[in-house]
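Quick one: the structure is below, questions incoming.
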Amino acid sequence: MSAAAIIGEFLVLFGAIFYVLSSLGLIRMPDVYNRMQTATKSATLGSLGVIVGVGIWAISNVNSYAWLPKTIVIAVFLLLTNPISAHALIRAAYKSGIPLWERSVVDKYKEALEREGKEMKEGEQ
Amino acid sequence: MNELVVMVIAPLLAGVLAWLLDVRGIKEALGVLGAAVPLGYAAVLYERAGEGINVAYTLGGFQITFALNQLSWFFIGIAALVGFTAVLAMVSTAKSSYEWLFALMSLSGVLGVFLANDLMTFFIFWEIMTFASFMMVLKYNKGASLKYFLLSVFGAYAMLIAIGIIYAKLGTFEFSAVQQAMYRDAYAVMLGGQGLFTKGETALIYLLFIIAFGVKAGAFPLHVWAPDAYSETNQSYTSFFSGALSKAGVYGFILMYILMGAKLTYEFGAFRSTTKFGYIIAFIGGLTIVVGGLLAALQEDIRKLFAYSSISQLGYILVGIGVGTALSMQAALFHALSHALFKGLFFLIVATIVYRTGKTEFKDMGGLAEKMPFTFAMAFIAILSLAGIPPLVGFASKWVLFEAVISQNLPILGGFVFFGSAIGFVYLIRFTYAVWFGQRPTDLDDTKDAPLPMAIAMGILALGNVLFGIAPGLVARELNKIFGREVIGGTLYVLDLGFGKYNALLLTIWLVIGIIIAGIVYFMGAKVRRIPVTDTYQAGNPITMDYNLTIRRNFFLPLKETLAFWLRMSFDRLYRDVGRYVEDLAETLRSYIYNGNVQSYAWYLAIVLLILALWGV
Amino acid sequence: MSQYAALLIALPLMGAFLIPILKKISRSAIMPFLAFVTLVQTGIAAWVFKEVYTTGKPIIIMAGGFRPPVGINLYIGHFASLFVFIVALVSFLMVIFSMKSIKVEPKDKYAMLFLLLMLGATGMIATGDIFNLFVFMEITAISAYALTAYNKSGEASDAAMKYIILGGIGSSFFLVGIALLYGSLGTLNLAQIGQLAQLMDPTVAQVALGLIVLGLAVEAEIFPLNAWAPDAYQAAPHPITTMFSAFVVKASLYAMARILYLTSAVSSWGNVLNLLIILGTLTVIIGELSALRQTNVKRMFAYSSIAQVGFIAVGFALGTQAGVNASVFHMVNHAIVKALMFLAVGYVALELGGVSLEDFRGLGKRMPLTAFAITVGAISIIGIPLFNVFWSKMQLVMAALEAGKTGVIALILGASLVEAVYYIRLIHTMWFEGEGEKIGEDTLLGTIMLLLVALVIIIGIYPDAVWQIVQKAGKDIFDVASYVKNVPLMGVSP
Amino acid sequence: MVKRALAIITLLLIGFWLAKGLVGVPFGEDKMLVGEYYLENVKEQTGAVNAVTAVVVNYRGFDTLGEVTVLFIASTGVGALLWRRKKERSAKSEGSVVLTAGAKMLLPFIMLFGAYIFVHGHLTPGGGFPGGATVATAFLMLYLAFKEYEIDHKVFEPLEGLAGVGYVTVGLIGLAIGGYFLFDWIWQTWQFGHENIGRLFSAGFIPIIYTLIGIKVGTELTGIVDNMIKEEPKGGGQ
Amino acid sequence: MISVYYFGAISLILIGLYAILTKRNILKMLVGLSIMETGVNLLLISVGYVRGKSAPILSEGVSANQAVDPIPQALVLTAIVIGVATTALALSVAINLYERYKTLDVEKIRGLRG
Amino acid sequence: MGEASKISRYLYTVIVLFIIWMFLTSSLDPQELEIGLILSLIVGALTYEVFTEKGLANLHPKRVAYAIAYIPYFIWAMIMANLDVAYRVLHPKRPINPGIVEAKTVLKNDLGKLALANSITLTPGTITLDVKEDRYFIHWIDVTDESVEGASKAITEPFEKFLKVIFP
Amino acid sequence: MIGLEVYLVLIGIATLLSMYRFFKGPTTVDRLVAVDIMTTITTGLMVLFALYYKRAIFLDVALVYAVLAFLGVIAFARYLEGGL
């Protein structure tokens, strides 16, 4: 068994575990904000592992170096886009009025928005 | 181009040209010319009718065939003559090119029907004839035309189905082929075998034909269109409508005899001295006589009166056909001619009256004899002819018919026929007196006599009434040619039926003498008295406008009251109710099916799928 | 040379694709350009028609140069060449009408959709491949959806939504039918399907045929799948309504007939025909009854059109050469007459702003030419001799009787009576009721109407020329053996 | 409730019927007739490695032309139906800098992905449609991120038309050169790229057509998005 | 016994049809239509599947006799595009409908009937 | 620092695209490279104005070096983040103490802000909720300091070390 | 070592688990988050399938899938936040 296979498979295993973790987070966390906290990170890392892992594994499995660059492109794409979509989603959650978990400790964003609104009103007057 | 084709197409072509050009003077000239062509050809082809002329074209996958023989010539003659006189009268009464187009088109249609040598051609021209006459009515009255058209198309489609069944079995439309096949079939049945047509199919075809021809002939209870249609159109045209177009129905019945008489006879057997199927036709004819006659008597409108009278008269013809002997057939044909002549004349007279006075009801008329002497003279001839007074043609034909029916020992039919004559007198008396004699409403004081074209037209028909009345042998000779043997014997002036004789000339001489005597008495002794209408008393009742039984108003009201129960059973209303019911149903159906909800529509789709699934298509 | 018949497809496409570019150059050139394209299309169609009818041989267009069933082929035989010509001609006339009648923007989009509707119908008629048929059906349908909604009114959107939902379900099931057919035969070529039909598993064939007929029946306006049609006809722009009635529905009917006859070797075939006869008869009856008290005249014509479709469907479902011939004849006649009538009624709407029966009072005085056109059309549809529809109705009736379907004919003739009632009422309303000032009628539209009137009457008086053509077209559909023989199928066999 | 019950019964019966039909089309078994021919001849006849692509562009090119047309109709139709005398974006808020900067950064990549996909249509499971769709998502992203963003209609609409014209023209050149509409003249007449099967410069006109389709689909889908995302300004009626 | 893919495809078709037959909101009906289309596409693909064979892309050592039928896949590509086109158009019609009637309830949008 | 010249921006875009292309195709086949170059040139021409402000300046060795160095740092942070997640998810009591805090950044560049936001999102217990000018609003799963300064110090500052060099 | 199939199953389970959240909700954003995670996991699954079938062509599919999924989520998110 070649090194590529070992590293590749290890990465895939690693990624798969984080995938499962991600989905567990999705189930277990109490509200949408905290679900995102747990799910996004581990799904992204999981992807990184699985996808790059496949690229490396392929070196021995299908005897091709051509896989790795392509898998890297996919992985990087996910790495770039997943936090963007997570950001867009959490903003959507907040702006669509989903309240924070009742045991949340602070909401600076709300304060900032209220201040902004007040300034806007004053500006109009 | 073949003469027959020219004959059929000329009026239509003239009509289309008249319609397209639409120039005063020219359209009338074209119209008269167009109507004169068939008349001229009918005269020219008289000699050759015996040898038979055939032509055939292919059109739209169907053979269009025409044939001229003795029978078709007879009907062509009637149609061309009445058509010509009607068109002549239309020169005065028809204003729009629309009327010229459709009047002439209907003439083409009628000619085509009579000349057709196969069922499909027959049907096609039947439709053209129906359509054109319908258009003539449509211009005047939507309801009336609709009724006419619906019943006609109903009849036509019935005919089409019958034709179709025949075609499906025999693979031919041609009269002679159908006739031969039917003979073979009849023969097979006679030998106790099974023909191509089962008894049920034969009965169906028979029924469908009766409906088809019955509608056109105005047979009871399919007559309801006729009173309205005859009265709600140009009255000059009505003279053709009633005089010639309705004869297409008569011709149809005769055609049915020719094509499948034997088959019907052997399939359904005899009734007394006639056949069962024939007796049904005759019985329908009898009912038509009575119903038409009674209703004619009850009309307040002269157009309606003659419309019902026309229905009644056609009943005679049906009786003649139904009885089914050679003699009765000839009588029917003879009466068809008579009817065309006197009823054509009558409607031209009505047309003249309407044209000159604008009035149509008895209550608005009176004393017109003085103002319209020529028209009155024509009316005199027509009245005598219709009433069956010798020596006019009406007497001759009715006489033959009476003899034919009586000789067959069919008492009920005889009863109908006699009743019809009686009731004919009843309504004619009213027409005679209320229109021509008595007090004249002041607004009719400057009424003029018939315009020249109408006068000529009336003259021609009146001449026919007199000529064929005095010399009925002329007609008998033609009828015998049709049958290929001498059924009615005699000479030019004498009809000899074997068991009875009628000498027209002798009677004419007697009559002329009588008239001269009567004239002398009248002019020496008669004084006209003027009595105010309101001074009249009647059976102790004060005169109200509702119960004012002068000859001009509600004259036969007592009769009407007597018949009240029967009159309530109006077939007209029945059909109307059925129509309304269908329309209501349609509306309900439509609003349920197309309810505007796309989900329901999706359900329809699912249901069709379900049907597919369950049916296992 | 004959491969150039492919221009029938290429040209409208090219035209449609060029319009966005043309729009940047000159907006006012779009409609003239549309007229030009349809005129050229008519010319090509006429050439193809001449080719096919003089040589007596169909033109087989092999897309990409692959022989069927490997490549998709178009089969422009007697039927297709005739109908492609009708499609092009009616389209050309409707472009002229569109120039007058289309006021709603964006006209460039209208022009594109117009061309593509024409293209879709052309393709449906010409194609020799069942999936390609589906594609062209969708081209037709989707451009029809868009055009139905084109006026953007509530009614238009409502009608289009109904059309989309029903059409969508129909096309889905059609595709399921194709899947079954393909799964059992391994080919999509119509000729090969015809060749192999008898090898099909009977159950598969039943289901597949049922689904295909169902899918097509939605577009072919067969009751009760036609519920979208009156709304779409009413709401669509007038030239488009005309095209719906004149050829869009006909293309679907043809497709249905073509597939049915190609699969006539299938054991359950008779059942499908019987079902179609029942549905066709119901289409006639319900269509006529629904038109009876209709006060919106355009909608009345729509129901009448549906009823005629029923006639055609019944003719096809008879399963005889005579029936097919009669149906094809009726398709031609109805295309002419309904083109005339919808053109006229659309013109009335344009001038008077409405098409309720009330608007038609005194039309004979206000717009005599238009009223005359409607009258001729109505009389023709009723089935009066000397007008074209009479002949095809007669042929239909005869064909049905020949096939022993007397009862069906009685019902259908009864429905024709109903037809007479509402058309006569309309004629009377136009000519003998109401008054009005004469409106100067458009010369060009008047000429088109007169042209169509002339066709109605010429065919009415001398139907033989058309009848000859139609018989050949009918044989094209009915004679499956020569269809299969004419397609140069290469040796790909099971 | 009754409606639902009826629906379920109806659908179950229909489903049973469909299933009954499908029993005659056994799953997973080879039913190929024409398909087999394609697989055996695809390489030398079309030069494509991807048999689906060859079927789509060559053997069943007519379908694809139709398919392109269908999408064109949709784009045109949406444009026609959502046409208003005046239309503007009605986005209420802009995305945060994360989204806007992200969109700017991703735009060229996504477009390149799209181009990659349609250029490689004959080699990989891509082609003009997914490629075009990918290109369109790049523009969609800009619409989503920016409040004011709008495509340049002067370029997009003619480009859409031109791509279509190009497709038909390629087909017509085939008619002129090879005698058949949509004939692959590059592969069959010019024999270009015969030695390259499996590499980029092969498969005759497939890459050309897929590029045209890609451009067309990209511009069309973008146009649809553009139409759907804009509204008539409040108060300004037609 | 019917294959699970067929079963799934039929189920999708029926679920879609169920939505069309019972949901009153037009958008839901359109979703139903899309589900139906998906089901049909799945069916087409399943019909073309050959057990144990690979995607019909003859690279990476896959030869002609190892590939599944390419035709259904080509058909599905077309069908998908057609579905997308229909949906896009339907949505814009729905937008217009909503603007005019202020509702998407089929029972309330009945401007045309009878 | 203002915008770079158009040529510089264009060239930079093309280079980046071409590199991506090479990764994407994983091939050195000259045919692929030719087409890749052409496509890069075309796509670059269409998008360079949006894509970059600084152009070739982004390829400054120092920046590249920092960017490369950032990768392992970031990945390490990510792995830590996920272990943290694992802990919170798998712990039966779900030990969380969430809230939204505000943090400041010194970064001026949009791309830098994006990188920071993404980094925050993917690293322990934080997701960027919104960015307004230099203020980050962050959902923090375990709030330890509610003040702006404290939050900035805990969340943004560790990344800024690298990012302010990479995206000046 | 363990074998591809096991990972396929493992990732498949992860997909199913995230589907639970999709059906459970309760808010639309919850479902959308579930979709986002699901698509991310599915991308990985596709890549793994590519290896399973030894066909690099599926990598392209995964890439396109990732692009489309990303845009889909962004579009929905922007819609839900009321930004469109």
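Per-chain residue numbering starts at 1, and chain names A, B, C, D, E, F and G are given in the order in which the chains are listed.
In this text, contacts are C-beta pairs under 8 Å (C-beta built on N, C-alpha and C of every residue); 3 or more make two chains touch, one makes a residue touch a chain.
For each chain, UniProt lists the protein as follows: A, D, E, F, G = Cation:proton antiporter; B = NADH dehydrogenase subunit M; C = NADH dehydrogenase subunit N.
Remember, predicted model here, so these are calculated numbers, not experimental data.
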item	value
Most centrally placed chain, judged by C-alpha centres	C
Selected pair, greater C-beta contact count between D-F and D-E	D-E
Farthest-lying chain, centroid of Cα atoms versus that of chain D	B
Geometric centre distance via CA averages, chain F-chain C, whole Å	60
Mean-CA-position distance for chain G and chain E (Å)	21
Separation of mean Cα positions, chain G and chain A [Å, integer]	12
For chain B paired with chain E, centre-to-centre distance based on mean C-alpha positions, whole Å	67
Residues of chain D touching at least two other chains	7, 10-11, 14, 17-18, 22-23, 25, 31-32, 34-35, 38, 50, 60, 63, 66-67, 70, 73-74, 77, 81, 95-96, 98-99, 102, 105, 109, 113, 116, 123-125
Junction residues of chain C - those touching two or more other chains	131, 135, 138, 142, 145-146, 149, 152, 157, 161-162, 165, 169, 176, 179-180, 182-183, 188, 206, 230-231, 290
Set of chain B residues in contact with two or more other chains	590, 594, 596, 598, 602, 606-607, 609, 612, 616
Inter-chain touch pairs (all)	A-D, A-F, A-G, B-C, B-D, B-E, C-D, C-E, D-E, D-F, D-G, E-G
Partner chain A, residues of chain F touching it in the complex	20, 22-27, 78-79, 81-82, 85-86, 88-90, 94, 96-102, 114, 117-119, 121-123, 125-130, 132, 135, 137, 139, 141, 143, 146, 148
Chain E-facing residues of chain B, complex	590-591, 594-599, 602-603, 606
Residue ranges of chain D touching chain C (in the complex, touch as defined)	17-18, 20-25, 31-35, 37-38, 45, 58-63, 65-67, 69-70, 72-74, 76-77, 79-81, 83, 85, 154, 157-158, 160-165, 167-169, 171-172, 174-175, 178-184, 188
Chain A to chain F touching residues, read off their complex	18, 21, 24-25, 28-30, 33-34, 36-38, 40-42, 44-45, 48, 65-70, 72-73, 79-80, 82-84, 86-87, 90-91, 94, 100-101, 103-110, 112
Sites on chain B touched by chain C in the complex	58-62, 120, 124-125, 127-128, 131, 138-139, 142, 145-146, 149-150, 153-154, 157, 160-161, 164-165, 167-168, 582-583, 585-587, 589-590, 593-594, 596, 598, 600-602, 604-605, 607-609, 611-612, 615-617
